[in-house]
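You will see subunit A twice below: alongside subunit B first, and alongside subunit C after that.
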Partner chain A sequence: MNPLSVVVRTGCDLFAWFMVVFGVNVLVHGYMTPGGGFQGGAIIATFTAFLLVAYGGRKLLGWANEKIFDLFEEVGLLAFFFLAFMGFPVTFFYNYLVKPLAAGGVVPPAGTTALMSIAVGLEVSGALSMVILTMYRGIRMFETAPMEEEIGHDR
Partner chain B sequence: MNWNDHLPALLLMIPLFGAFAAPLVCLLGKTMRNVLLVGLSFVTLLVALLLWKSVLAGGIAVYVMGGESFNLTLPSGMALPIRIIMEVDAFSAFMVVCGSIASFAGALFSTNYMEKFTGLGRFVSLYFLLTLGMLGMMITGDFFNFFIFIEIASIASFGLVAFWRDRPEAIEASLKYTLVSQVGSMIFLIAAGALYGKYNALNIAAIGSLLQFGVMEKIALVFIIGTLAMKCGSFPMHMWLPDAYAEAPSGVSCLLVAVSQASLYGLMRVCFSLYGVNLGGSFIPWMIISMGLASMFFGVTMAVVQHEIKRLIGYHSVSQVGYMLLGLGVGLLVLTDAHGMAEYGFTAMKGGIFHIFNYTMYKGLLFLAAGAIYYATGKRDLNEMGGLARRMPFTTAMFVIAAAAISGLPPFNGFVSKLLIYESVFAVHPALTVVALLTSVLTLASFVKVFQTAFLGPEKSVFTGVREVPSGMLFGMGVLTLAVLGATLFPSWTLSNLVEPAAKALVDQAGYIGAVMGGGL
Partner chain C sequence: MTNALHISVLAVMLIAAFFALWFKDLISSVISLAVFSLMMALEFYILQAPDVAIAEAAIGAALSTTIYIIALRACRRSKSEGGRKQ
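Up next, the complex of A and B:
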């Protein structure tokens, strides 16, 4: 993919960040508005897609560090698991933070649901960004470099 | 708190943790990765055994995910259960034991088998996800969650089948499986939606207690049977199975066998516990029996002509699934007929259920042995092999045990379950037994061929450098060999402790419904 014109790139500079802000907004309000972790994460991942379309893949590969996306995924997944596990004296996935608003509940009135949707949002934003990068690599693979070979079987 | 109550949740939690932690742990090096893979698989096996023991002692275990109490299925006077409910009766517990043994053996085998390849962090992750999907299908009490777990297992297996991504055949097998399986899953979802639309419930027990057999229920039943028969590799929908089994790495093939049994479990759960006495007429049982017969016969006739070893074993999977469909189909046929059930139906079901255990063990072992041959020689084609018995004595011995068991040679465990099926389905129609016996003979013929070409005969000069496979792989095969020998040496113990409670639980529809709904039918 080649970079697009300066108009598009300037548009991307101005507006791409708002997608991240909007995505975060969707995911932190996931427990009481339409949307949630997955939707918010997907909106955040459009940031990567914007950069890919506007600036072209070569530049994006130079900027993006896949370790960061991996880290997002891992932190999200393990946080999700930890939140589910903490319900354990009662049951797995028990919402141990929820309390009535009058009783001074933490993150009222959602409890772990809100935190879980943030964890899912982290995971999805990392994973979908990775998917975009990998798909771009897939396109490039057919254009230029030969496929990296596995060793150890007969082909 | 009593950990015994939380065993159903722990069973899913441990592979889930494995899948989520794998990429991180794999950064710590090879040893930690293997410890995670084998260790957590072993803990899953232990939890499965404990769960089985507690279900046998204390009856059906119910677990409400996220509930105020682990067994609060109907909170604050609701008429229908709403939360995610796990329901483990003796049949589920039996399946869980089978599945987790296969998963442990596959994990042990994969430690050495996969070490030459890259991307193992993702391999371990997907392996645990596949285990999670399989175990979830076996213990869930909720129709929609069954669909979720089917999807988890399917998506993990798409990735694992195509793990050797530079082999075009692997990509083709994975794509074929993806297409067939996704179409099937969507059809299953339509059936789940139809039942939800009519009964306002997704819990299997809740729908079972309300079900009245009408046109919509018939359509839903056909959709469900179609999907699940496809997923377990029954005859007209089997075309994805030999490809997927042959192309997946061997440790994964071993687990995929157990995953296909989870689909068979779902089929039986829907027929016996959801529809059960409301099944209305003998059409569906006869359809299952005919699918079983067709799978047996066509599967084995396609297997005898194969010369790629894992593909041959894959076609045998089609034929072996036929035995279970036959046995359980006969049980379903006489479900409302107390005399027929006592006379031969229950024996047929015991045969079918025992065959599930036997099949998972020896088929897994055959796939692992085929993988060991492939690892040692680098060859897949039987025509290029020969004289391996001298070089690989342990693999040869274990392969012989598995081949004798699948062919139904006495005294091996395959013989016991097949005999139970032969003698009971004879009472329905002698032709059923004839087809089953013929299949068994052809199975023996094809395994004689495999054993003779691969292991016997003069040693080939290209194989002078071949050595026995590393110990991890031998231990992996050893676990399954022990299971096969255990069921061989103690068939009556296995029948009365593992199989009979499972068969009793499967026919006890009122018990399954009562455990969630409280009042029974």
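Up next, the complex of A and C:
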């Protein structure tokens, strides 16, 4: 994808990081307000799509390190399993944080639900960013073949 | 008041869905689908489901549109195959 005009790129510079902050806000407050892990992760992954549309794919592939997205997925999944298995003296998924620390104020009063929401958000943001990057890398295989001009789309 | 809002949002959804099928230009079709998803998110919000509305807006209007456009980039016709010209 070719980079778009300087107006779009300046708008991307202004607003892209705020989208990540908004996604993290939705994700962290997901136990109480609308939203949660999947929604916040999807909003964070929109950042990658925004960069791809505004700056073009070659620059994005130069910037993005896929090992970081892999790390997000692995850390999210492992944290989810760890938090689920930690409640095992009682049951699987037992919310063991909610009773002793509810009045403390450091851990949110929802207990492990909020932490699991953060884990799901990490996993979803890494996975959806990886989907976009992998699809773009997939279509770059066709760029070496002799092609005629496009007709119907992508003017 | 609420009924009028419902009917107008659903009418815009119908129009967007119709144009998603009607356009020969594929990228216009994808934009129509994005409008459909946005109206769907608004409808979910009116129906008191803001959680689903956030998911629908992020996935339907943003990410799936990007993925469709990336897929359309891969659908250029090659010279050697010699398909029917439009």
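As a convention for this text, the second predicted complex is superposed on the first by the 136 of 155 C-alpha atoms of A that agree within 3 Å, B and C clash if a C-alpha of one lies under 4 Å from a C-alpha of the other, contacts with A are read in each partner's own complex, and residues count from 1 in each chain.
Throughout what follows, contacts are C-beta pairs under 8 Å (C-beta built on N, C-alpha and C of every residue); 3 or more make two chains touch, one makes a residue touch a chain.
Quick caveat: nothing in here was measured; it's all calculated off a predicted structure.
Colleague: Of the two partner chains, subunit B (first) and subunit C (second), which one does A:V131 touch, if any: first, second, both, or neither?
Modeller: A:V131 contacts subunit C only, not subunit B.
Colleague: Contact-wise, after the overlay, does A:D70 reach subunit B, subunit C, both or neither (first, second, both, neither)?
Modeller: After superposition on chain A, A:D70 lies in contact with subunit B alone.
Colleague: Just to be sure I read the superposition right, which of the two partners does A:A42 touch: subunit B = first, subunit C = second, or both, or neither?
Modeller: Touch partner of A:A42: subunit C, not subunit B.
Colleague: By the touch definition at the top of the document, which applies to A:N95: first (subunit B), second (subunit C), both, or neither?
Modeller: first
Colleague: Touching A:L78, do we find subunit B (first), subunit C (second), both, or neither?
Modeller: first
Colleague: Where does A:L27 make contact in the superposed view: on subunit B (first), on subunit C (second), on both, or on neither?
Modeller: Touch partners of A:L27: none, neither subunit B nor subunit C.
Colleague: When the two structures are overlaid on chain A, which partner does A:G87 contact: first (subunit B), second (subunit C), both, or neither?
Modeller: Only subunit B; A:G87 stays clear of subunit C.
Colleague: Touch check for A:L52: first (subunit B), second (subunit C), both, or neither?
Modeller: second
Colleague: Would you please give the residues of subunit A that touch subunit B in one complex and also touch subunit C in the other complex?
Modeller: The overlap between the subunit B and subunit C interfaces on subunit A comprises residues 147-148, 150-154.
Colleague: Would you pull the subunit A residues touching subunit B in the complex into a rising list?
Modeller: 70, 73-74, 77-78, 80-81, 84-85, 87-95, 147-155
Colleague: Going by the contact rule at the top, pick out the subunit C residues touching subunit A in the complex.
Modeller: On the subunit C side, the touching residues are 24-27, 50-51, 53-55, 58-59, 62-63, 66-67, 69-74, 76-80, 86.
Colleague: Would you mind writing out the residues of subunit B in touch with subunit A in their complex?
Modeller: Those in contact with subunit A are residues 1, 6, 9, 12-13, 16-17, 20-21, 23-24, 63-70, 84, 116-118, 164-167, 374, 378-380.
Colleague: Going by the contact rule at the top, pick out the subunit A residues touching subunit C in the complex.
Modeller: 1, 26, 34-36, 38-39, 42-43, 45-46, 49, 52-53, 128, 131-132, 135-136, 138-139, 142, 145-148, 150-154
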